[in-house]
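In what comes next, chain A is part of two complexes: it sits with chain B in the first one and with chain C in the second one.
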Partner chain A sequence: MSVSQAIAAGDVALLPSRRDEDWRWTDLRGLIRAMPPVSPASDRQFETGAFGEGDVLLVNGVVRGDVKALVVPAGERRTVRLRVIADTSETAHGTDLSVWVGEGAELTLLETYEGLGEGYLTETRLNLTVEADARLERVVLAADTAEAVAVSTATVALSRGSRFEQTVLTTGARRQRIETQVAHPGEGATVRMDAGYLLGGQRHADLTTAVAHEGVGGETSQLTKGIVRDQARGVFQGRIVVEKGADKTDARMGHHALILSEKAEIDAKPELLIYADDVSCAHGNTVGALDEDALFYARQRGIPDAQARAMLAEAFVGEVVDRIANDKARDVARQWVAAHLGAV
Partner chain B sequence: MLKIENLRASVEDKEILKGLTLDVPAGEVHAIMGPNGAGKSTLSYVLSGRGGYEVTDGSATLNGEDLLALEPDERAAKGVFLSFQYPLEIPGVPALTFLRTALNAQRKARGEDEVAAPAFLKLVREKAAELKIDFEMLKRSLNVGFSGGEKKRMEILQMAILQPKLLILDETDSGLDIDALRIVSEGVNAMRAPDRAMLVITHYQRLLDHIKPDRVHVLSAGRIVASGGPELALQLEAEGYDKYASAA
Partner chain C sequence: MVAVKQTVEHVESLEAYKHGFITDIDQEFAPKGLNADIVRFISAKKDEPEWMLQWRLEAFERWLAMEEPTWAKVNFPRIDYQDAYYYAAPKTKDGPKSLDEVDPELLATYAKLGIPLKEQEVLAGVQGAPKYAVDAVFDSVSVVTTFKKELAAVGVIFCSMSEAIREHPELVKKYLGSVVPTSDNYFACLNSAVFSDGSFVYVPPGVRCPMELSTYFRINAAESGQFERTLIIVDKGAYVSYLEGCTAPMRDENQLHAAVVELVALEDAEIKYSTVQNWYPGDPKTGKGGIYNFVTKRADCRGDRSKVSWTQVETGSAVTWKYPSCVLRGNDSSGEFYSIAVTNGFQQADTGTKMIHLGANTKSRIISKGISAGKSSNTYRGLVSAHPKAKGARNFTQCDSLLIGKECAAHTVPYVEARNGQTVFEHEATTTRLSEDQLFYVMQRGLNQEEAVALLVNGFVKDVLQQLPMEFAVEAQKLVAISLEGSVG
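After this line comes the complex of A and B, so read on.
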C-alpha cells in the first residue's frame, strides 16, 4: 500500500488507511473519496525558491531536463538545490529520484517542496545511497498548500564511516507525511536526523522516521521540535531498532512540542526497540505550553507579549535549526522559520 | 518616586499583602527585610505586573503614574526593573539578542529611536567589561548553563543597559559566593543616581554590608511593621524577626 501505487492504479483502496498501524494518525483512505486525475505536464518557469534557482526540478511528477539520477562521483563535493513543485490543483502525481553519493564524496542537498496549486495529491520518493566515508546533508523546507495531500518518502542506505544529516522544516498541509527510513550499518557511520514543524489552521504534519542499526558502533542523534496552534495536528513517529549484535550503538531521540491552543493536537510515538546487549540509548518526549515564567521574564524586560511569544517560539524551533551543518543553509532555514512563524 | 499606599493583594484568594504603605524618594535605596512568607516576593511581582496576583485595594505609582494599570512590558518601559531571585533561562535566545530586543522595545514604547547594532555592541562591551562578564558568553543562550553568580551578573548587566528608574532587587544575594556578591554589589552601587530609586528585598543582612540602604523596613504578614535607618538591619540580624511576628 502506498500513495504512488494508488496513483498509478487510480485506486483509492490502495491508499494507506488508519488500519495500517504506521498510518493510524494520517488516514488518507478515509480522506480521499475518489482518485484525482493524473497531473498535467507543466513547462512554466518559476520564481526562485527559498534556496534560489533550482539545479534539479521535479514538476508535477516529471523530472525536468535529462536527469535520470543525482550522482556525486567518489571524492567529489557538491551542493544541489532540488525543487519539488506541485504546479497543479485537484490532480495527482508521484515522482521517484535516486541519489548516489560515491565513496568519500560530499553532497549538500537543499530541497524545497513548493505547492502552487490547491488540493493536489503527491508522493515524492527519494532513494539515497551514501557510500563508505561519504557525507550527505539534506535540508528540507516543505511549504505545501493548506488543501494539499503530500507524502514524501526517503529511503537511505548508509555504508561504513559515512555520515547522514537531515533537517526537515515544514508547515504541513491538509495531510502531509514526511517519512525517512535509514539502514544504518554501524561501523563508524553516524546519523543526525532532525525536524521542526510549525502548524496552524487545520494543517497536519506527520514526521515518521525509522532507523535500523544493523552493525556494531553506530551513532544516531535525533531531535524533532514542533509548534501547533488553532486546530492543527502534529504527528511524530520515531523508531530506532538496534538489531541483535549491533553492540556499542549510541542512539538518542528527542521530540518536544508546544501546543499553543486548546484544539491543537500532538500525537507522538517514540520507539526504541533494542535487541543488542551493550548499547547506549535514550529518548525523551515532552509536550507542553509556552513557558509562562520565561514569558513574564521577557515582558518584565520590556518586550511586548506578542513579540515575546514569537521570540520564544522561534527560539524553541531554533535549536533544530542550529544543528544544520551548512552555514548558508542554516541562515536560509532560520529566515524561513521566522517567516513562517507568523502563520503559526 | 515610588509611592505605595494601603496595597492589598491576593494569590488564589489568599491575601498576602494586607495594606502595605511605602514611599521611596528618588535617589534613595530602601531595604525591605522580613521573614519567609511575609510577602516580599509578592510585593516585587505585584509591582512588576506578574499574572496570578490580584490587587484588591490601594495604589502603587511611579512618579505619579499608576503602575497597576499597566502591562508588565509597559511598566518596564516606564522604568521598572525587577532583578529576579532566580533569573530565567531562555534557551535559543542569545543574551545579546535578548538585551537588544528588550532595549529597543522599551525605546520604541517611549517613542525613541532604536539603537543601531554598532552603538549597542559598544555599550554592551563596555558594561560587560565592568562586570567582568566575558563578551563571548553573551553570544550564548541567555542564562543557559550559567552559574548562579553569572546569572546575577547578567541581571546587573541588563540593568546597566536598560537604565531603569526603579530597581527592585529580589533576594539578589541568594546563591552568591563572597566574590560574586562583591562584584554584583559594586554593579548595583554604580547604578545609584539622584533620579533613581532602589528597593532591595532581602532576608539576610549581609547584602546590606555591600549595598548600603538609606532606610530599612520590616515586612511582616503583608505590612510594613517597622522602619528605621541602616542600624535596624543590624538589630534584625542580632535579634531575628520574632518580635515582629506578634506585631503583625
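After this line comes the complex of A and C, so read on.
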C-alpha cells in the first residue's frame, strides 16, 4: 500500500491508514475522503528557489527536459539542484527519479520541495545508488503548503566505503511524510542522517527512517530535532536494524523535540532491532519545553523573553544545521531555518 | 581449598530448569476443548452465582468474534484452543488445617520447589510460622491461603478469587474488569471467559498490610492451560506489597498461561507488585515445549497521589508477551516499572510497559534490563503517553540490552506520545555485548567464564534487583545465573 499506488489507481482505499503500524501517526486514509483528479501539466517558469535556479525540475509529477535519471560518472564531482514543485491545487501526482553516484564520485544534491498551490496530494520517490567509495550529501528543504498532503520516499543503496549524508529541514504540511530507507552494507560505509522540523498552525511532519546494517563495520549517526507549537504535530520514527553477522556496527540515534504550546503534539518511536552481538547501538529521545533555567539566565541578562526564546530555539535546531558538510548549503540552510523560525 | 569447593558447588547448582518435575496426584479435569458448556462447567465447579456465569458467557461470546493478534515480535505455531483442558484441579479435601491433612503429594511438590521449610509450613497452613501469607494456586484452583484470620483482624481480605466471588461479591462486581475490560485484548477476553483461580486482595483505608502477600502459581497437569485472575484493591491511604512466583513441569508440548492481573490504587494508596516468573522455558537445545506466557497486567492509579510499582524478573517461558502497565489517572500519581528479562535457548520475550499519563503532575519511571543469549530473542516494547490534561507529566526511561552470543537478538521498540506542552519525557537505550575488558579483568582474578558472566550480568541488572523484596532478590539473582547457564564458551 502506498500513496503512488493509490494515486495511480485513483483508489483512496489504497492509502495508508493508522491501522498500518508504520503509519500509525500519519493517517492519510482517514483524511482523504475522495481521490483528487490527476494534476495537469505545467510549463510555467518559476522564480529561483532557495538554492537558486534548478538544474533538474520535477513539476506536477513530470521531469522537465530530457532528464531520465541523475547520473554522476565514476570519479566525478557534481552539485545538482533538484526542485520538486507542486504548481497545482486539489489534484494528485506521483514522481519517480533515479540517482546514481558512480564509484569514487561525489554528489551534493540540493533538493527543494515547493508548494505553490493548496490541497495537492503527491508522492515523490527517489531511488539513490551510491557506489563504492562514492559520497552523496543530500540537503532537503521542504516547504509544502498548509493544506497539502506530501509524501517523499528515498530508497538508498550504499556500497563498500561509501558515505551518505542527509539533512532534511521541513515546515510540514496538512500531512507530510519524509521517509528514508537505507541499505547499509557495512564495510566501512558511513551514514549521517539528520532532520529538523519547525511546525506551527495545524501542520504535521513525519520523519521516518530505516537503516538496515547488513555487513560488518558499518556506522550510522542520526540526529533529529524539532519544534512544534499551536496545534502542530511532529512525528519521528527511526529504525536501526543490525542483521545477523553485521558485527562492529556502531549506530547512534537521537531525537529531541520542544513543545512550545499547550496543544501541540510529539510522537516518537526510535527502534533498535539487533541480531548481532558485537555491536554498539544507542538511542536517546527527549520531549520537553524550553529550558526554564536558560530562560531565567537570559532574562537576568536583560534579554527580552521573546528574543530569548527565539535564541534558544535557533540554537536547538542549529545543531542539526551545523552538521551539514557543504559550506554553501549550510549557509542556505541556516538562513532558511532563521526565516521559518519566525513562523514558529 | 574452600573457594574451589564453593566453585564446584556453585557450578553444580547451576543445573538447568529445576522445577520441571511432575506431581503425580489425583486430578479432575473438564472435558477437553472450549465452548460455552466448558465455561458453564468451570462456573458450576466453582459454585459461582448467576451474574458471574453471565459475565463469563458474555466474554466468551466476544472472544469468539475476536482475532488472535500477531503484532508481537514472537513466532510460535498457531494455538489450537480446542486441544487443551481449561480446568484441572487436584482432588483434595476441603481446607486442610494442619500439615497432616494436606495431600502429601502437594506438600512434596512445594518442598521440591525449593520454598524454604518455614514458608512451606506456612503454605500448608501450620500455625506459628513467620508471617508471610501465601495463596497457592495449583493448576486451576487455589489449594490453600494462609494467614487469613490474622489479616482479617486488620481488615485485609486475602483469599482466592473463587472465594471472593462467593464471599465479597460487592467488591468483585465493582472492580472486576474495571481495569482490564473484558474485550481489552484477545487473551484477556479468553481469560475472562475461562479464568479459574487467582488471588483477591482488599486492603481497607489507612491500613498498611502487616505482611507480604504472595501467590505461588504452579502448572502441573498436561495439556492444560492456566488462566488465573488476580484482583488487588488498595483503598485510600493503604499499602500492600505483593509477590508472585510461577513454575511448571518440563514437557514437550506448549502450555498456555493467559492471566489477567488488575490493580486498583485509590487516593494515597500504594501497591508494590513483584513477579519472579520461571515457567518452564522449553528445551534449551531444541526449543521444544515450554509455557506461552501471554499475560495482561494493568494498574489503575485511580486516586490522587496513588503509587504503583511493578518489578518483574522474567527468566522462564518459551514465549513471553506481557506489558505490566500503569494508568496514571489520579493527579500526582506515579508509576514505576523495573524489569529484568532473560532469554536463553530458543526463548522469545516481547515485554515492557505502558505508562499512560492522564492526570496532572503524574510521574513514571521505567528501568528495563534485557539479556539475550543462545538463540533467543528479547524485545522491549513500551509506551509512554501524556494526554492533553496531563500537565506536568514526567517520565524517565532507561532500556539496556545485553547480548551474549552470535545467534541471539535484542530489540528496543519504545513509543512516546506527548500531547501537551508541559510534558518532560526522557528515554535512553543502549544495546551492547558483555565487555571483553571486564570479562578479562574478572577472569584474571580467578573466576571461570561462566562465573565471570554471572557476575557482570549481576552488575548489569543490579538496579532492578534492588527493587525486589529481600528473599526474592536472592532467589532472582540465582535464577538469572541459572537461566544463562550454557550461554558462553
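The rule is simple: the second predicted complex is superposed on the first by the 344 of 344 C-alpha atoms of A that agree within 3 Å, B and C clash if a C-alpha of one lies under 4 Å from a C-alpha of the other, contacts with A are read in each partner's own complex, and residues count from 1 in each chain.
Following the convention adopted for this analysis, a residue touches a chain if its C-beta (ideal position, glycine included) is under 8 Å from a C-beta of that chain, and two chains touch if they have at least 3 such contacts.
If you're wondering where the values come from, they're calculated on a predicted model, not measured in any experiment.
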Partners on chain A (chain B, chain C) - clash or fit: fit
Which of chain B and chain C A:331 touches, first, second, both or neither: neither
Touching partner for A:318 - first (chain B), second (chain C), both, neither: first
Partner chain in contact with A:90 - chain B first, chain C second, else both or neither: neither
Superposition-derived angle with apex at the Cα centre of chain A and sides reaching chain B and chain C, degrees in steps of 10: 80
Chain C versus chain B, contacts on chain A by residue: C
Touched partner set for A:298, first chain B, second chain C, both or neither: first
Gap in Å between nearest CA atoms once chain C and chain B share a frame through chain A: 16
Chain A to chain B touching residues, read off their complex: 291-294, 296-305, 307-308, 311-312, 314-316, 318-319, 322
Interfacial residue positions of chain C with respect to chain A in the complex: 71, 388, 401, 403-433
Complex contacts: residues of chain B adjacent to chain A: 48-51, 71-73, 75-77, 80-82, 84, 87-93, 98, 101-103, 105-106, 109, 141, 158, 162
Contact footprint of chain C on chain A as seen in their complex: 21, 244-245, 257, 259-289
